[in-house]
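So, here's a batch of structures to check.
Both complexes shown next keep chain A, but they swap its partner, so chain B is in the first and chain C is in the second.
This part shows the complex of A and B:
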């Protein structure tokens, strides 16, 4: 029973982690930069949902739509402000680490001043009362809704990438930025859309964070970035759909660790990161999907 | 001969004057009393650090508004200068900043940041520099040793004895309420890890309850659903969860959401930070949960400083709603620390570190503030008030109140066990 529960809980949690990592991977895939402030945008999404509920009693499902639009719009000017200068540098990847780390620290500090350091959360009843039974096991209703929302977001990204004109262009930029530029694609516009989408996905994941992670604090960003990073490394850096596999593997592993080796659970992200880098540095879906 | 005697006499007088000169210089009152401390504005310990810092600042502001703090060694009031740095919840940063407070800022009084984790780097540094450490709430038993005279714990009982009433309650009354099997879940940090170890020791030595689950989880744990399922599979009658506020919030939320109920449930911060937890998980999830009863809810008869309601009034005036300051046990700890420093400064013979030590040890057993009676053991650990055990009940206004259920001399209600 404990095994089945850990497996199912891990799958639901994995879907959430897939959503958490998806935006980070999209940004890396298109721009080859690592947004170390990704977790901080999740934190801002969580606080947006908290304040939207506190001030106007907005249900988190609607907050997610609001955050989606807001963060996507925020991403466009932010892209033009930060990313083109980075891409002109000799080593944009390394420089992005430094720049977005500083950005992350600034966001955390400002959030701590604005919201205070305490834990904030949303009532679980907002996403349904009582547990929901899945294959005979009881799970929080909020988890189930968060899992469904995550799956919907992943599906939307898939449809965007593989069944829309902008998605084709995005994949072209992911494949080879220089070549895409040479063929007349407005690389910066496509990248700006991807950057906005990445922030929007982080924001949506943040909206559900109080339900999946218990609460939100201004300092939660760095940990979330690390977890998201592990998820995308497992799946494959630069391959947004590999993130789903990475998320589920991470979620199931975490729940197994909590069940059988609870004291060691915090080591999991690092152990998985080291294992993947040693055994399959390109990630589990690295080769096949990038060339699909 | 007479001339020689005059010369010797002169030398003796000069020697005495020379000897007295440094003493006079040492007794010159400083322009300000420098209090050095750290706080964490962000990171995992911000929630317990900032209220302490705000409570301390409130006391300092009150003192300075009254012309300064009275320093007995100089028979006068001297303004306080607070020198504080943000350690961002990082022990590495804290270690550097503690060093800085001692060696560069040369603070008169050194206070540690809140909690055992951020106090841990201060203990060896203060000892090495022979600087007395006013340990606010770092209650890890390992901090207090016979070979270290440079530390005293101010606010809460050291971890080795802190869970005694909880264990006594379960050992003595547990069987009466049908509690036979107990599960213990704790966060693996210096504070809750040590508390759980002491608690498990009390339970094991009494031999009245069977421990069916005893596991630690990382303090960063934010999802307890699977853990709750694992615990439920061991069929415990009593569950004791020991974590920081974030852990308690996630645990209580997941417990309610997954629909699992235990006849007896204890968490540390349900009772000590009621407002914060109630905001986060709602009153329903906390009803009938057992917790510690700190001075923030229990009114001690004080012989120094304000009572809890008096302090609350001052707090609300200083930090109106929307200011971001969180009322709770840690706020009281910060203010109580100030009261202890006030008595230390009023009675110390000088600002020398070992004189400060003498002064604070002299207060042991004689000072009762809104945090209860201040008692130190010979190693500087706080052994005064052990927090009683309370149970959260609906207050009839949609919120919660905390009734004291154990020990009998403090109790104002009987425990309700088996209901949620």
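This part shows the complex of A and C:
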């Protein structure tokens, strides 16, 4: 009974964590940079959903579409502003880490100035009333719909990457940036789109954060980035589909910890991250990416 | 050798003298003490990041471990503070030894993993189930050994020794071999540098520095919570201060602390968000326009700074 519940809830949360990690992984895969401000874009997504509901009573499912368009558009100028100078530097990966950390601090500060430091939450009934039964187990409707929306977003990214021309070019850049450039692909344009998409996915994940994670505060970003990082490291860095596996493994193990060893559950992401980085730095589905 | 003497005369001696004498002229001793803590932490980051290129994003883990090692030695073993300080520093070094496998990771993965490690230590220390040993989330009170004069004095000594270590690293053969590892570890190994040993030694020194100052911090403030000594802002500030001034130099981290922590104390305490915004934008500006920090810029202008 408890086992089934933990497994199913883990799968629902796993889909959500997959969505949360997907954007970070896409940006890493295409540009080989670490967007440490990823969680802060999730935070901005959560606050967008909150204010859109507070001001015009917009349902979060529609807020998600709005956030998708807005963040994707925002991503294009941000890419041209921040990323090309980084890629010209000696060690882009390391520098990106520091640069986006600064960016994350600036976003967090601006959000705290604009929204105040208090916790914001959205009522779960916005995503349907009453529990929904899946295989004999009852789950809040908000969880179920967040899980379904996450699965839809992940599927859309799959279709984009594997069944569209731009997605095909994106995968070419992921495979080898230099060769993609040599074959005449507009690498910067493709990367800018991927960057925008990465932010948009973070934003959508953020919209559902108040339902899945309880509430939103301006300072939640760094923790979310770390959690997303765990998910994509489990899956494998630079492989967007591995993220789904990573998300589900992370979600299920989190639910197991919370069900059976709840007092130590908060240790899980950190220990899991360190263990996986040490044992299999390339992730479960990854090829070898580590140098030296 | 000569440069080492010069660096000591220009940076170490005046700074240590200022730290030791300012309390007689300026009444806010806590502020001076915090300056010393950040001067030491920024130099500790300098030792590992500046000289080997590994960014210890979870550097605060050693600081907090030092603080808790010290406090638990006082509470459970009833040791004298100076002996307990040794135990706190030993705990930090032990943690660093446990984490040496992280060096298999490169760049950002090392940074993230060390960050996660610091969080893990914090989660263990603050877990309510360990109440009997660590006092869990309820914090530590060391009023029985409270001694601001002596602990301040010990902090000044640690500052002097830490500055001495960076002067040594900047001017010695060992420091040169560390920098060669940072720039190209394969070539360094071929030139006869024992990469693993040198890197591990720098890592342990860096952890020792943070552990010592963490223990003194616990002694000086004597009442604190786990989130006080494991606060991510210790790592973040130390890294930003060191980067701002310029790493792998003696004076860079010092300039960073005096300038940025000075600004922090003017505007940061009343309006922390605005300070956070400023240093966030400052980090971005540094990476994009001045990746080496202030000291290399001064050197390019022909000003010879240590």
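The criterion applied here is as follows: the second predicted complex is superposed on the first by the 287 of 292 C-alpha atoms of A that agree within 3 Å, B and C clash if a C-alpha of one lies under 4 Å from a C-alpha of the other, contacts with A are read in each partner's own complex, and residues count from 1 in each chain.
To be clear about the criterion, a contact is a pair of C-beta atoms (placed from the backbone, for glycine too) under 8 Å apart; a residue touches a chain by one contact, two chains touch by 3 or more.
A quick note: this is a predicted structure, and the numbers were derived from the prediction, not measured.
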item	value
Room on chain A for both chain B and chain C (clash or fit)	clash
Which superposed partner A:112 touches (first chain B, second chain C, both, neither)	both
Which of chain B and chain C A:184 touches, first, second, both or neither	neither
Which of chain B and chain C A:120 touches, first, second, both or neither	first
First, second, both or neither for A:266, with chain B first and chain C second	both
First, second, both or neither for A:143, with chain B first and chain C second	first
Colliding stretch - chain C into chain B, listed as 92-100, 182-190 or 218-226	218-226
Chain B and chain C contact sites that coincide on chain A, given as residue numbers	108-109, 112-113, 263, 266
Of chain B, residues touching chain A in the complex	40-44, 46-47, 49-50, 89, 188, 215-218, 220-227, 229-230, 233, 245-246, 249-251, 253-254, 256-260, 276, 279-282, 324-326
Chain C-touching residues of chain A, taken from the complex the two chains share	34, 82, 85-86, 89, 91, 93-99, 101-110, 112-113, 222, 226, 229, 263-264, 266-267, 269-271, 273-274, 277-278, 281, 290-292
Of all residues in chain A, those that touch chain B in their complex	1-2, 5-6, 9-10, 13, 108-109, 112-113, 115-121, 123-125, 130-131, 137-143, 212-215, 217-219, 223, 255, 258-259, 262-263, 265-266
For the chain C and chain A complex, residues of the former touching the latter	53, 55, 101-102, 104-109, 111-113, 115-117, 119-120, 123-124, 127-129, 185-186, 232, 236, 243, 273-274, 276-277, 279-284, 286-288, 291
